[in-house]
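These notes are about the structure you will find just below.
Chains: A, B, C, D, E and F, in written order; residue numbering restarts at 1 for each.
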């Protein structure tokens, strides 16, 4: 079973040991990007994954493609001569200082991707699922067009389509995000999001949770239902994070499908690196569905997988299917030896 | 508005990754020292800062001055030919092992500073505030004399004078600390301290809090009042730390001024590095006062700033005014992106 | 007073910063092994320690012996020409991902140790205590024979004999472990174990604690009593760990001797590295007994020492007797300066 | 054009900064192994590469396969449950201390590879070239059988076959190496070797060059001719290294084919890491031939590529085709900016 | 005496240990940029330095300004809200692989600097020398205009003006470089350049030195004379590098002034980091001239200073005046102890 | 056979990667000191070694003693309560910047060592050789007295006594060095030195070799003879270093004994770390003599051992006897595998 994703991956640079960027004398280098992260997670869990992107034909572009392949993802890259690789600088925080991201991705290769440049027919040959997030259309007007083109082609090719809202305030404004994405929803089968993003982009959800110390799963189920109704989805999943501290969160999710509400267990997570946890959830959900698990099991699998992701440095979900199964069975926190 | 501080800054050497000093094969190098830390914090928050010190004219001495300038502090250094730079080795702990400091500062350049060697008139030209801590007079007899000289000159020049008691058991004994410092109090407008230091040095406070699992803000307000009365201060601030664990503390403060008691919110802090938190408080308080904030707002600003300091490795408060304001508004612990 | 231990020590390789092994590009190198760890802890607390082992005559073998000496342990090594050094790869986890160990010790030098090759008479000359754990007989049939030989010789030589059950599921099966070790118990004076190991190996204890979120000290005392009765021991000690999280545990112990039950305080430990904590307990207990402390004080000393071990990276208990005494007096978690 | 290679790749562990293994506290981790190195180099230069191996199904095994894929090599791995990954420890030297390798590869997964376990038909489908080195048959008797099986199958399938003698004194003895490998030569088209290996294994070459300060290209051409004659080869290539120092060598090669002798330029190489240089030569030669370059150009390409390899840490030839072409044109050593 | 410089400084990211960028998992972070490097060198040698630039008001921009101050350079920064910091990735090579730079500086804050935005009058108040290089006008059209504006203002204010041709092929083409810079030459008193840049930009010099294994000081003197004549300069200096290897170069310079030719000694340099060596030369020359040394002594000082720079990692000339003087006296290469 | 040495060992702190101290953010930590280095080298080559010193009873003091034991040296430490550990900061250079040492050892524990505090009778029980260098008497007056006391006791106890002149300009002046050391020479059997130290301290040698590009072995033999005559020695050895570059030296030695001149081969050494090379020579010479090698073989062994030392980071000679023998046989610089 083959998953195809489309999006940017960037060089991620993080100061070691909770340093502030301003005091760094070296930076740890990772690769990450929403849709690639999803492809990696799905590949780790047994799904064939293909990631489509546009990268500069320089060492940084090749580094990014290499790392995708390292984690088991096939790549279909349009190599560009003059552009740059997107970068982001991530500072890891500790309460009361939140972690923070400084994007330096303007003008990156994928922002110049041209509609018509990807041969969707061959890209989707043999594929069963297509996933993209709200970051891709936020990158540029042409990237938004290509996103739309991809979604339409995927739908036409009979693929299941999932979409992660992934709102990035540092990339665009809520009203633009709404205007661009509402028309895309018609192609979407499964919407994956957070309560916060749904509220900000689609105005669904209502109350403004300033701090997210405690979250209300019931309310989130209603949000999911409303999304399904408004956009005629098969399913909607919402991940739930409580973060009274930066280094200790809880993590859970609800999913609504076929008029039923499913809830995952709530995990207490000691946060090594939470960037990419949502993508691990998507990758886990897609892999589970493509392996014919039912919605409830898929939700449970996805939530456990993404809970484990919090313990792994970098964007990628370097977790095995066995480890997820072990956790679902009620894993021990003792040293395995 | 210009702040002037006087004191030693040292090379700080810390084994990485919670190693014990005895097992280290490399040491992380930082620069720190009470009064320089205060100058750095104030400079970060928009105050011009000048730090006065004496350093050896060798690579270590220049390293120290360079790092002060890096963080935006002007320096007025008496370069000494034969002396050494003060060093301290800091081991970061985890419950039940406390963090620990091994000083190697005896005979450092500033301990030979001579009364009369600093031209206080020119040093204080254009200045509005002078700050020094109880570490400087503890370094040597001549350093104590220079401290006294500085305080007197500052008072004469019409500066506001703040003093952090900063008792260091590894530098001197309580009775010496009392004998040396009581006469200095006549020059002080704002005293910044902890309940523990006040009790040990001035015998104010009474009960011996062995563990400091929980602290009583009311009692501390009384201590502050007593300090104001005894030493005829304008204000007294006491920082409050509860540390049931090494890596998770709470942090707050009370301030008494003009017969009113002000209390800061209590922050739960995930401790990356707590050394320098008290200095960040002082720097924040001074900067806020110099920017004409009232005592309550200044206390709140200082407490939030120093709460954030706990998340930053090294002695310096590498935090921005914006981040403090954000926290005061009730900041989110989500990733900012 | 001289402690002798027998067993393997390995090169331990750990990815830095909570990395998964699969993503590592460098590995931190430590040395560790149950019986060497015990010898190190006892030596740190003032006991002369001699560690007996077999190592390859190559840089890795010498590295291991060097590090034992570095920590104050005398070594009696049979240098082997063709064999390899045992290795283990340790991944440090964060909830909900447990830490994990990948052994690569098959065919290591000590697994070819031959009965008769150690001159026990000279090895035990002047010695007062012999300690070995259930890992040594698990390494190979000949290692099991040598273990038996050593125990018999120690007993004959009038040494106090302690044995840590230390069951390793990745080395052998419970029934084999039982068959091999039951006959060894006749030589043992002090058995040190966990409730889990006792249950798995000897079937004592009954209830299966899947998660060990909370442990019941009373039940454990009964287990200790049953062990004493079954194997005619002088004393049995059981360490108690609650681990609702990976990075925050509680740690305590019970000990039964002379028909009395002793309980140690329960410590909340922020886990830097828990590997070797049980060995630190054994080393602390032995050192305390050899310094003529009574059972209660010895238990308290051992528990505090091993609680402190959790804060030290690597297998070794790099803690001083002073630090243990300080903690027993109710140590502060403030920075010592 | 597709290259297939067969062999082991190992985890390589190297102390940083010229440290001796005995003093290391961390090790840099690379992946390397003769035939994988060749596949990587060829892939970097534009050839599709497939690497066949057997690896343990544990994090180390997956790490190895991941890194192969990262560098663009397809993998066909037989995943084994119980075995271990081969390791080697490499110490980098400086004159007069040579670099040194400590193998820990006995009992690694590939040593248990069984004849008949690889489906050579499908493995060679669409392939044009097969490469293996003298390390693979040295690993175990069954590995030698599989090597023979592979060579025969490759020949039958019409592939060009290259063989690198790669004698490893730490793996087997010269006479065994000769007895095992002479029968394999009948399948070989292109033999790649050093004068030293040829002399030790096949007794061709005669004089014993103790130090290799200076090498004689003419004599080497005779050796190549003799190899061609004895084993009925299409071509024989011999790489030539002069190493008056450890960190500064010269590097060149001769190739004899179709009765003509070709000589590559001699490069002065500042040695960052020479391990894998011979494999880079093989990979470059194969890629060039598969891209229809003539023997002379292929030799020149291979020599330049492998000269550049010396500047790259790790076993892999992280060099681009452009960089090789640039060097062949007489590249500048100025900073390219 | 005050030096003013104008230009960009960037975040420089370099893989450690000669790694290729493509294989990096961490990057060492330095700050560098031609005109800032000059200001740093001059400040190290006793000249007051002011660096004028435009930087983004984000952690990277502040990092850059901080590091300038750390090294003793005053800054006059126009803080921009929306722009990015320039970056460059530098790979350090070893023969036959040259070091290489990958710029990622398009759209950096300084490229949007506007003519009229700098108040040159106040910037040049009290100044004696202005320095800029050919990189600044290459950044953007508006940056070229500001360069011209600055040069004109400096001349009007009576400053000595120096200009380093610093041609960067990756920023612009030779003919554009010529068209933009020829009109600027009228303001220049001292031109500092290399033979290569002069030839490429102004067509002066003639022969194309492909490899620069050996350079001819006499020919360079003629070039310098021709530059003086064509542009009516006071002096022209040309630095001479021979680089038969990447890690071992020679370094020297010639200077023509007042119709006399001066030659510096030739230094053999073991290259740790040659980036910034030319800037160290400029900074040394300016500092020496501002300290009233004659042309010959200034040339000797500048050449020795920049020879020493090669031994320092990063762009900055972290060398003291004493060290330069020592080398000029014929310094020993023994350990100073 | 037992060697006893007396002297200080310090914490050595070195910035990584050729950084200047002023730019360091971490320091590599080693332990070193002339007489301990000698003890380590001798122990590595099979001699029992005992090192006598005085250290502070704090983590740094214990670290030093631990590392001595790690390398196989027995220690006899007088633990002091209040003193400090000696430190030194070592900058590694590259031509034309020499490596440099910044001592911070004033007031270290050993400088307060008291005559009479060491029980020389028990210290020398079973010993055959005593070694000390000119650093120990340079530390303080009481250290000089203890040195004299030790030499006298050693002579009385019938030990062979060796003395390394080891002049340190940063510790004392030539005339003081002469006055203090001349009376000590009466106890010395074997003097080990450099031509430079002999000339500066004893005025033997005459010509001032400013740069030591090339050294003249014959002249050095005369110096050795003169030393033997003046001080009635059994033997005198002089090590010869040519250092036209910092990272590439030659290394050799001459020895005169029993009226014969012996010369060692000259080695070209790629310098990783030359600090401690002279001590490795002494340790090698002593070990060889104690193993009954004749003077010529001992000289050859010592020279080869110390040539190898240059390739090892840190002060200690982490080299094996096998490696030395290999080099003496004319070792290959090829990778040993």
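Everything that follows uses one rule, which is that a contact is a pair of C-beta atoms (placed from the backbone, for glycine too) under 8 Å apart; a residue touches a chain by one contact, two chains touch by 3 or more.
Note that this is a predicted model, so its numbers are computed, not measured.
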| item | value |
| --- | --- |
| Any chain in contact with subunit B as well as subunit C | A, F |
| Copy pair subunit A, subunit C: interface residue numbering same or different (half cut) | different |
| Cα superposition of subunit D on its sequence copy subunit E - rotation in ° rounded to nearest 5 | 120 |
| Farthest-lying chain, centroid of Cα atoms versus that of subunit C | E |
| Intercentroid distance (Cα basis), subunit F paired with subunit C, Å | 41 |
| Inter-centroid spacing, subunit E versus subunit C (mean Cα positions, whole Å) | 61 |
| Computed distance of Cα centres, subunit E from subunit A, in Å | 45 |
| Contacts with 2+ other chains: residues of subunit A | 16, 20, 22-23, 25, 66 |
| Those chain pairs that satisfy the touch definition | A-B, A-C, A-D, A-E, B-C, B-E, B-F, C-D, C-F, D-E, D-F, E-F |
| Residues on subunit F engaged by subunit E in the complex (per definition of touch) | 17-20, 22-23, 93-101, 103, 168-170, 196, 210-212, 241, 243-247, 274-275 |
| Of subunit C, residues touching subunit F in the complex | 66-67, 69-72 |
| Parts of subunit E lying in touch with subunit A, wherever the complex brings them together | 13, 16, 20-29, 58-60, 62-63, 66, 84-85, 87, 89, 91, 102, 104, 106-107 |
| Complex interface listing, subunit D residues touching subunit E | 16, 267-272, 304, 307-308, 310-314, 316, 318-319, 323, 327, 330-337 |
